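Lettered A, B, C, D and E in written order, each chain numbered from 1.
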Amino acid sequence: MTLLSLSDVTASYGAAQALFGVSLTVDEGDVVALMGRNGMGKTTTIRTICRMMPVKSGEVRFRGRSINRVPSHRVARMGIGLVPEGRRCFANLTVEENLVAAARPGDWNFASVSQLFPRLAERHDQIAASLSGGEQQMLAIGRALMTNPTLLILDEATEGLAPIVRQEIWNAVRTLKATSALAILVVDKSIKELASVADHAVIIERGKDVWTGPISGISKDVTDRFLGV
Amino acid sequence: MTDVVLSCTKISKAFGALQASKDVSLDLQAGEIHALIGPNGAGKSTLIRQISGAMKPDRGTVHFLGHDVTRLSAIERARLGLGRSFQISSVIPDFTVLQNVALAVLGDEGNSFHFFRDLLKGRPTVERAETCIARVGLEDRRAVRAADLAHGERRRLEIATALALEPRAFLLDEPMAGMGAEGASEMTRLLDTLRHEAPILLIEHDMDAVFALANRISVLVYGEIIATGTSDEIRSNAEVRRAYLGEEETA
Amino acid sequence: MRREQILNGAVLLGLIAVPLWAWSSGEPFIITLATKVAVLGLAGVGLNIALGTGGLVSLGHAAFFGIGGYAMGILASHAQQYVPLFEWPLLVEGTKSMPVIWLVAIVFSGLAALLIGALSLRTSGVYFIMITLAFAQMLYYFAISWPAYGGEDGMAIYVRNSFPGLNTLDPIQFFAITFVILCMTLWFNARLVRSPFGTALAAARQNAERVEAVGIDPYKLRLAAFVISGMITGLAGALFADLNRFVSPTMFGWHLSGELIVFVILGGTGRLLGPVVGAAIFITLEHVLGGISEYWQIFLGVLLLGVVLVARGGVIAVIAGKGVAHD
Amino acid sequence: DGVKVGMITTLSGGGAGLGIDVRDGFLLAVKQSGNSDIEVVVEDDQRKPEIAVQLADKMIQSEKVDVLTGIIWSNLAMAVVPSATAQGKFYLSPNAGPSQLAGEGCHENYFNVAWQNDNLHEGAGAYAKDAGFKNTFILAPNYPAGTDALAGYKRFYEGELAGEVYTKLGQTDYAAEIAQIRASGADSVFFFLPGGMGISFLKQYSDSGIDLPVVGPAFSFDQGILQAVGDAALGIKNTSQWSKDIDNPANNAFVESFQAEYGRLPSLYASQGFDTANLLLSAMGKADIDDADAFRAALKEADFDSVRGDFEFGPNNHPIQDIYVREVIKEGDVLTNKIVGVALEDRGDAYAEKCKM
Amino acid sequence: MTIILLIEQVLNGLQFGVMLFLMAAGLTLVFGVMGLINLAHGSLYMVGAFAAAAVAGATGSFLLAMAAALGAAAIAGVIVEMLVIRRLYDRDHLDQVLATFALILIFSEGTRWIFGSFPLYLNIPPYLSGPITLPGDIQYPLYRLVIIGVGLLVAAGLFLLISRTRLGIRIRAGESDREMIAALGVNISVLYTIVFALGAALAGLAGALVGAIQSVQVGMGEPVLILAFVVIVIGGIGSITGALVGSLLVGLTDTLGRTLLPVLFGTFMEASAATTVGAAIASMLIYILMAVVLIFRPTGLYGAR
């Protein structure tokens, strides 16, 4: 069943339009990769989904309901967990406080997140501002999981992580995919990794979706044209 | 040994009980890219901060171009020619790309106490700034406010600013982060040429780039350097694999 | 950007046209009001260099305004009574010459700004706001309780000081003096903003770490800006004292610092003519509303609130568009 | 032809009550006179000296007034009066009487219809002497009016001082001073703390359990403020040149008509405003404002029925008048004052001899 | 000066400090936690005092008056937050200064319009008035001891609220990144309205409690506001502990300064000059204290970093 759908969504930063009509769908339990070169509008798409910026035209639907006018915190409570670009941990809170700040009941709790990222448990009393970059990234993921979402959005969630941790995170994503009904919308620069976890891919170019299909269907031609590899 | 541009000797730094740097010694030689890798939280950025002067080490010394700079501030070190990029992009949000880079040129020229000259009418300044912008491929975006740039573009701006300082050594903290595949390969090419202008101490988690670029690699784990060597040596070092690379990268 | 320049021209024209009209139609008080706008606008322009360009929110600029005012009051009162200021180690007499008074006002407010700035700039943000306030309050209480120069009563200088070749008691001629000074300061300010110094200062406001990384010391930039800012506000204080032929500790009061900030924000923070526009609006409102009702400050409050909530970025931003001029 | 009066007074902010009373008293007298030759322009000085100066400029330059009046505060008066009188305008002070303007800075066009600032404090000192106080603790804020107040008290008081304390202007907590009073071995307390400072002091003093006699000038016991002090003020002696129970026809009529007009009891300030207007009206009846010398002479005669009874001007155009001792009492639910004696009779001021005009 | 008097003055200093804390508590909450410079805090203090005076006048009950102060200030807080403050969180401090400065004008003159220009009456109830005798034969007003008690309770309550409750965590998270905490599902607007109302209620309570021993008049909030800012800046913004320590420091410095300085100056100056000079320096003392603290600890005693 369709969990999230965007149809022809446009959005702008002030006068500068950034999205020129993005459409995509994420089904329950589906893992969708959102791809595109730098500055093409991936993050902007995610921001409109999370209602961190207004939808100018088009429609965003989540669980069958239009969320064009639903405020950000209500969208989150409907079951969207966001790992934002640039981590955005609450700098003045401790690790543990970051995790519990927005926690909602469910399978994910401090113990299970600690299991996924033991480093966080070690540092639970440290102020987030003084964490290393990678630790902050783990914290951001943990924090999103603690809201027990049905749709997890990862925007460059492996940026700046050590290869071994990156593998752990991809493993974690694979575990999530295998063991839960969690749907995932993921932005990442590593095509190789995306290919191994995602079911579908959507590629955006200059604020429009230009290619949609099963991830296995991405040809060399497509990557050359839209991803510049 | 004459071609050692930058070196640090037995640097130690503790945050409470946490030993972020333990007797770290490291050098950077003319013409090389020396990559510093290691798990998250190993102390790489902390080390860079101490070398750049943003943080004082508890013990140990830093030498740059033959001077002991341990007691100098970040500003003074930057004036000596230590160029730095930040792990999290640090730009002047309300300035255009051009202004951001021109500011760096200004800093390099060392005369910011001019009250009457019009900065953007100074030809040499602007030309130098535009060259740097072109080198990172931001020509088209030169008049855009830095705040309006996409993440990857901001990373490039960060590099352009470092270039504008015409530094004698670069400290680059994860310049590829968030760059996208295309951007990363461009950046790789750029750094490859850059090393001949000034050696680079490079922190990066993108192993493709590191292995492609680095003349030497040092691995920092829990504040200690556990290995230094060429790409092949590091790739095949079991301890490094266990602590950092994992299994896939060995393939 | 062009629109802002046209607007700036219009504001200055208006500021000169109104008193000329008042002069020709025999309304000297309007000239006095226009002079007040020019002088307080000048003080605001001073503050704007620290606050708008440098991001240094000083709630203590009354300190410099008051020092300027007292420079005038002390020099003129000594001249008035033919008593030297001090005789040792060298004889210093009072004076009634405006240029000399201005120079003294600028030098002393500059020195005060150097001292206050050097200490205050160790802090930032709200702490900076409060420490600048603290210094101004010290001077305020000092002025109130120190009997030598009138204490809370202040000092009246019955005749305006002199300027070579002009009759300063004539309102329009005194206005001309203040207007010329204002224009010269604005010209200086416009150059400053585009200069390397101004650019670096603005950069340090937005991201000091970045400025340090390119080898520029933000502390020095800020201190220099603070001193320049204090000197201009001090000059305005001397002019203000001459406008009223009177100085008192209220010139050191936090209300005055607050009003200067209000002028700057009302007009548009960091805009060249923002403080002048802000002062003009505020003083006009004060004058017009004051006649309407005993409770006029309620209306003033509502209007100010409206400007903050609706006219974001100040009045100039609303008329001339959002972007602050960059090339 | 008619007289145009410019009234600069405080109508907004914390001290507005005083200005409003002066204005209301003044306008009541004008209204009662039925004289249509007088025009009054009122402006709010916000208690800021600079604003007062500018308003004075406006009234002189644009409104072309003949007479200025209305200022409540000494520091504002010092800012306005000298230059106004120097420009040939008359200034009638309904409230402030700084010593400079009574002494060296006196001016033939400046008439004070209230008191010289020291008067009520001198009265308090005289009362203290009569009451046999031997060891008074005195306190006032640290600004010129405060130092003058203590000097005024000491002028007639003959005993020792148990302590002399200057507080911060605008201070609201007096626990430290009260502790000093308690420890000082004083037999009485004199204070001059205008406005809210006095209210705070009295409330805290009465709660401290010290019951030494207190004396002060009328300002802290005036009708407008007394209800706010509450029972803490009961029985306290204070000195004033006016009281609503002064029994003369002018005062009785004033108290009654003021209450009828504004629905509240008149205050000291209202009485001063009322007298100021009546002085002006009396002069208008005798001379033309355009003949400055004649008009000045008419003012100087002070030929009007003052609500405080006898009233005349001394050589420096400041009042010569009786200073009464009042006691705070309760009339039904309302706190008010009752005259219990006279502290000083026909008191002029200490600065008159320095005045050369 | 005797030892007993000195002890009493120290007590007075502490008590003045706690009184300041009561005023500063709400301000720290709003200012430190929500990052909002609220110059109108003093106005809410005034609202509390006026509401209490009005209700005490009508009913004669002190407790009802206190309740009214809390309620009126909280309601005023909610209204102000929803109409004005809410639009200011993501603005810089300057806009906040201007807007809340405008609020001061509206509140002050509005209050004068409703209640007139004369001070109102509000007094200590009989069961709390008068002095009690402390060990060492020190006579001390009971009411001031009550204020100390209330102040310490408020301190403890706030401390727990901010550091221990999830509400506190969320508030602090919002301070660091409002957009993000909302995107994680927390209704930050409601949260902030509650906090602002709480801060306002505390200001109102302080106004009413303190109003009973001071004068209830228009403009009473302004000197208090400045003192409260001094206090929280000395203590370090956002720290309840800091506010408490700051208050006590300011209270002691001010009280001891104004009693000891004239004596001190008297040892080498002529008596009457010593009293005025001493008093002059004493009135500057807390500002000197603040400047010195900030010069050595640029973010206050307990400030972050």
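The criterion applied here is as follows: contacts are C-beta pairs under 8 Å (C-beta built on N, C-alpha and C of every residue); 3 or more make two chains touch, one makes a residue touch a chain.
In UniProt terms the chains read A, B = ABC transporter ATP-binding protein; C, E = Branched-chain amino acid ABC transporter permease.
As the structure is a prediction and not an experimental result, all values here were calculated from the model.
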(request) Could you name all chains that are in contact with chain B and with chain C at the same time? (result) none
(message) Give me the set of chains touching chain A intersected with the set touching chain B.
(response) none
(request) Going by C-alpha centroids, which chain is farthest from chain C? Tell me that one. (result) A
(message) Going by the touch criterion at the top, tell me which pair is linked by more C-beta contacts: D-E or C-D.
(response) D-E
(message) Centroid of chain A to centroid of chain D, CA atoms only: how many Å?
(response) 75
(message) Taking the mean of the CA coordinates per chain, how far is chain C from chain D in Å?
(response) 36
(message) From the mean C-alpha coordinate of chain C to that of chain E, what's the distance rounded to whole Å?
(response) 31
(request) Please work out the Cα centroid separation of chain A and chain E, and write it as a whole number of Å. (result) 45
(message) Touching at least two other chains at once: which residues of chain E meet that condition?
(response) 108-109, 112, 276, 279-280, 283
(request) List, in ascending order, every residue of chain C touching at least 2 other chains. (result) 141, 144-145, 147, 295-297
(request) Write out all the pairs of touching chains, ordered by chain label. (result) A-B, A-E, B-C, C-D, C-E, D-E
(request) Flag every residue of chain D that touches chain E in the complex, lowest number first. (result) 12-14, 16-17, 20, 142, 147, 164-170, 172-173, 175-176, 179-180, 182-183, 195-200, 203-204, 207-209, 224-225, 227-232
(request) Please name which positions on chain E make contact with chain A in the complex. (result) 166, 169-170, 172-173, 175-177, 179-188, 304
(message) Applying the document's contact rule, which stretches of chain C touch chain D when the two form their complex?
(response) 27-30, 32-33, 36, 141, 144-145, 147, 150-154, 156, 158, 171, 240, 244-246, 248, 250-251, 255, 290-291, 294-297
(request) Quick one: which bits of chain D touch chain C in the complex? Just the residue numbers, please. (result) 11-13, 16, 20, 43-44, 48-50, 53-54, 57-58, 61-62, 74-75, 78-79, 82-83, 86, 98, 142-145, 147, 166, 168-169
(request) Using the touch rule from the top, collect the residues of chain E that touch chain C in their complex. (result) 31, 37, 84, 87-88, 91, 93-95, 97-99, 101-106, 108-110, 112-113, 226, 229-230, 233, 237, 276, 279-280, 283-284, 287-288, 290-291, 294-295, 298-300, 303
